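What follows is a structure written as structure tokens; I'll ask about it next.
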């Protein structure tokens, strides 16, 4: 394990940024975001970023390809940005888990090469949590916020930053930073995590096996009734990965984009022939069923939620996965 | 680098045939004049015109055809409107094939097959039917029930008359919704016709057509005592990626574009009713 | 207040109304709008606390068309939206029983978080002060710290068009709500451009501002309609971020009651209300004072005119700081 | 797939000199959808048109772009030509490369480049053009004239003359209007009654004219050619068909103290009355506000004396529903109330009168039998002061009107002259701000008053009139003399401003006709369409459109009639197909479009829609009446949801042009 | 500010059919010159101009947008330009508020008789916009790549 006095954090960032692009969480609580590091940029004092770390691997918008149409001819121009090596510093345990979830979607056959290229170029440095928010519930999903995964795990304690490489890529990063010293991190006081109000959320009602039962639960109606149908929860969620493919005619050619989409939007599944999810109830249900039932059904019981609590903080009507879990979990109890 | 599944290839439309007032069949080959890819009957592919849109269509031609792919497309939206307006020689983009296709070499092998189609629903079935015709000895009896609003709306009518009807071991049963002067065949809706024909419940039924036809045909088949694991149908939902990722065609733990579009009835019973 | 509102909710429910109110959540602040149809539900879940800030009038569009009567509890600012929506024939008034609830200003969890409070698990109202429980112990803060921006510059405590009132009828207030707009107006164009680029570039096009906005009650938004020529789903360029917010503000100009919901719900904390307020301020200055939703009769300023209205060149003539 | 033909015109050398037409037609040939592109010397010539037609037929063109002179010049020509070749005329677009290109640029390269861009924009637009067909609506061959004054009567007579049936709706018991109250007319001084009453009789006797008196319009629905109007005919408690107009009842009626409106309240009439001797229809009317029988159920004198048995105390208002093809508003004017002009002591002294009251005092059929007597003591006045512009030309104040009432100068000159002629012993002063006499023989008339009749015209305003010892102390300024005047007058006559009749505003609302801030009806165009309202099928006659004198009123009445005749002589109306269209699936029913529509072309209906899960939803949605819409497009921008679009200038079309131009 | 001598702005001019388009024609008939950078789009009335079209023009590469309509009071449709006037005033004020150069947008009333005014207006507007340089604050880079 390596260590570095926190006073030298800027020097560390500068050293990393010398060789690769470095992103660190910066900004105020509520709007903090992963920002390309530049001289003087400070680490946020907020627990987490407003948008999740998935942006760096699965950006909101990306230009897939361009087309040029002349007469009856079409030319496809693949002009993806060359993926450059980058370091993502300060990812929390929850967001780090979300990468595993996204990997299972994008890296299965046929591989999404855009996502893959970024994953291969990105080195994830996670940062252990010490000051959770009341909305945190990663511990209820089997995540240890004090020992997150990632290529490198970092802790801040007693004036020092401690770093541990978990992968070869992490090893490579740390070994390229001569300003690090050897050191062992002190034991962390975990008592605050025992006080988290959502630590004991019960997920036993969910999983792939009880699909139809959960699908037909009467509670969906009241859970969904005041949903605005906006995409806030989807877009701040580290595991949501629905997307749309859109063409934009620039006048000189056609640019094809992939952009985030939300299953909460009324036109998400709209077809000229009809609408399989006609009301907000079906759309709302889809989102939660996908995270808590369909995804686990396809991925050995793993939930599509990492307990980051962003949807709890950001939903305009304070409806969220925890309330869904409580309402449906309650019903599932014998 | 590995080829990105979302980037289409450019293909050329070499022939356009008008089947019915609102259905045209498009023949496409790649820029070297060859068939763009191999497929299984029942699979789909994404056709697109940049700037107009991209849409998923079932491949109508049989895998046994080695020269080209064909798509029978009904005019019903932005992309299809555009396609109906083009002329041969136009290039379009294509990616695929997508979906599971019919189990022609496994579950169907050796079975007596009944194909039930309504309107444009013949498009995906035509691929299977021609495949089955090609490997006739691998299957039992073949019955084809096909209905449309009128004679003019029967897709591939000429091919049906010229090739299917004349082939031994294949019984073709055509019907139209309302009587018309130049029609001496059966008149009536497909579900009733299927009932009248009274197929043996040991046969395997493959259905494709408008939801209302599926619904009533199914009710009839259930009445007659067909087991649910002998009935196949295809689903159609909005799709964007074709890869089971964009989230639109997600039903339960299945993605229609990847795990479908062909489902056996007993499989559908396990899924939420969102189609 | 909680008890009076709750008692009224039960009374209205028993008189045959569905009751639109708030349902308690996991915490003291995460209340969710809900329609109550049974006494048990109300007794168990109904809350009315300083965090019930959402403007529920928009729900009444659908609720008033559902058959039967629905009762709603509306704060003064909500009643402006309520009346504006009637003016646009969106709410069927006869199916709504409106209870006006006088409002001391509503609290916003984001305001508390912005004040540096972390892991907040509870709060106790202590008059001027708020005792906040956090994972790391209790802290006492000024209650005003928790007030949402719109409540700090409240424009009116007047309850309009209510069938009944809880609390005293209030008055229109002299508000300082345009101070921030004036501050921006006083900047140079370059500074303003930099300010807005900084703000709008955070937009993730979640559409929360639009979907929560009572004035945005279109059957299909132009931005969702591929045929409109304005369809833009995710902002793929800074232009599209601008386009969405300019056109949205323009579409609600003269109809926006300044309820502030757009800024409340923005997950990226973009001060969207400053766009709407700019229009309101301009309208007031150029065409005479106008408050959307204040009545049912006057013509909204954008479907009205005077022969001697100022020319568009006034924008340049009056300078940056009108 | 589009098959667009592009035709570039040289216009001799007008275009070809500064635009390389060959380059333009070559460049445009490469645009998407273009299958043919050429250039020719004169596209508008027969040979040019023939070529276009030939190519349409030969290539099956689906759209035509002509790069030529302004569409204001030859758009119609080319559209007609294409229509003859079987192409819908609205699939033709013009790129203006003459007025807006070749003529304003000298550099050929610049002109050529711009011409190509303009051509591209037209091609981009024509790609999205839809074939449009002008709709037709039938015309109900009947006109409605609202108001039975000289304007209404003249309009009705002219329309009837052309053979179309006309209804006149008059709110008073008789037609005739203000002119019946006037004594003599300027500048000829012929007797008003002598020229008006024959016209009233003509109207009554014309079998094409139906006079509905004592009635008011209550509801107007429909649109040009197809109005449906509800008229309330008030109960007059006398059967019009039986009453002979003998007048016996009006003599016997015991209720004698009803102010006589015909004489401006200067004398009284009975509760049952005929307004004046030449009234049309000449039938009695019972005033329900004063009739003892109607109020208390006791009396019945009139019923007893009526030999024709025409009295019917139980008569009810009658509702008449009628269809019309055209409507003429002829609601006329009223003098403004003198309430706010207390400085002139109008309310304090009966000897301060308005000009209209003065007319009655001078009229042989008036309360004084035509002898000028002071209302207060019936004595002959010696000093008269006329005050001009009372309430006219007032800036900004709430008291009066900002406009000039136009007729006052002349009638005051007339009054002054007549007074001096009949009573040479009187002193007559006229206080004026300006004397306005633009009219045939008007200035001569005024000068006669001054020069021949010795009327004292004083430029200046009267500051105060104070009744004192039977005299009226008039305090005024003489601006030219630069002094204050004090006159002891016997009578003061106020030239009150005129304003539109109060019934005009509610009527305008019913007609969706627009009004100006003074409640005068606005014209469709102030110069070019002065007798039409912006609402198609609604025409304006007389002072309801603005102050005017009798000959002007009659002229406008005739003009309005001519417009009505023009309309009614058609069996069908062709509508402009470039009209707004509401997409009901997207409409919110918010009413923004309706509010900005100057023609009232937008209405709302509640319509059922299919909701999710087999539910039905009832929504309020806008509908555009294509026969009424003129295609301005105001609604399309007012509509936030984009549900309103304009055919021929759709959002998509304009944006396609924008894209092409800005590329 | 740096003035690029070479820079030619792109100007979209929306003209109402009845007055200003005719005024532009008159400018042509009288051979009054104004820069070719101005391209006219004919609309039935100034009230047909949707703010969306203005933004679209900027997106697609316009450097300035001008609306010409009948003088207030002379609208062919009686009231259209009054609504247009309010809409444009508010929109321009908003663009100004967002820091977009206010000289890039303009409304000018031009009657059918004012050919000279039309040409003058265009000359003046083009030079104003040319001085400002390329539209950078309300551009869509995607449309500029070609």
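Should a chain be cited, it is by its letter among A, B, C, D and E, assigned in written order, with residues numbered from 1 in that chain.
The working rule: a residue touches a chain if its C-beta (ideal position, glycine included) is under 8 Å from a C-beta of that chain, and two chains touch if they have at least 3 such contacts.
Just so it is clear, the structure is predicted and the values come from calculations on it, not from any experiment.
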Checklist line | Number of hops, subunit C to subunit E, where each hop joins two touching chains | finding: 1
Next item on the list: Give the label of the chain whose average Cα location is farthest from that of subunit C.
Entry: B
Next item on the list: Averaging each chain's C-alpha atoms to get its centre, pick out the one most distant from subunit A.
Entry: D
Next item on the list: Please report how many Å separate the Cα centroid of subunit C from that of subunit D, as a whole number.
Entry: 45
Check: Taking each chain's centre as the mean of its CA atoms, how far is subunit A from subunit C in angstrom?
Finding: 30
Next item on the list: Mind checking the centre-to-centre distance between subunit B and subunit C? Centres are C-alpha means, answer in whole Å.
Entry: 51
Check: So what's the Cα centroid distance for subunit D and subunit E, whole Å?
Finding: 35
Item checked: Where subunit B touches two or more other chains at once, by residue number -> 87
Next item on the list: For subunit E, write out the residues touching at least two other chains, lowest number first.
Entry: 51-52, 56, 60-61, 73, 79, 83, 87, 140, 142-143, 146
Next item on the list: Would you mind listing the residues of subunit C that make contact with two or more other chains?
Entry: 222, 229-230, 236, 302-304, 307
Item checked: Contacting chain pairs - touch in the sense defined above -> A-B, A-C, A-D, A-E, B-D, C-D, C-E, D-E
Notebook entry, point to check: What residues on subunit D touch subunit B, complex-wise?
Noted result: 1-2
Margin query: If we count contacts the way the header does, which residues on subunit B are in touch with subunit A in the complex?
Written below: 1-10, 49-54, 76-77, 87, 89-93, 236-238, 240-241, 243, 245-248, 250-253, 270, 272, 274-275
Next item on the list: Flag every residue of subunit E that touches subunit C in the complex, lowest number first.
Entry: 51-52, 55-56, 58-59, 72-73, 79, 82-83, 85-103, 105-107, 137-142
Item checked: Residues of subunit E touching subunit A in the complex -> 60-61, 140, 142-143, 145-146
Check: Residues of subunit A touching subunit B in their complex?
Finding: 64-65, 67, 69, 72-76, 78, 105-106, 110-114, 208, 211-212, 215-216, 241-245, 247, 249, 254, 256, 258, 261, 263, 268-273, 276-277, 282, 286, 289-290, 293-294, 297-298
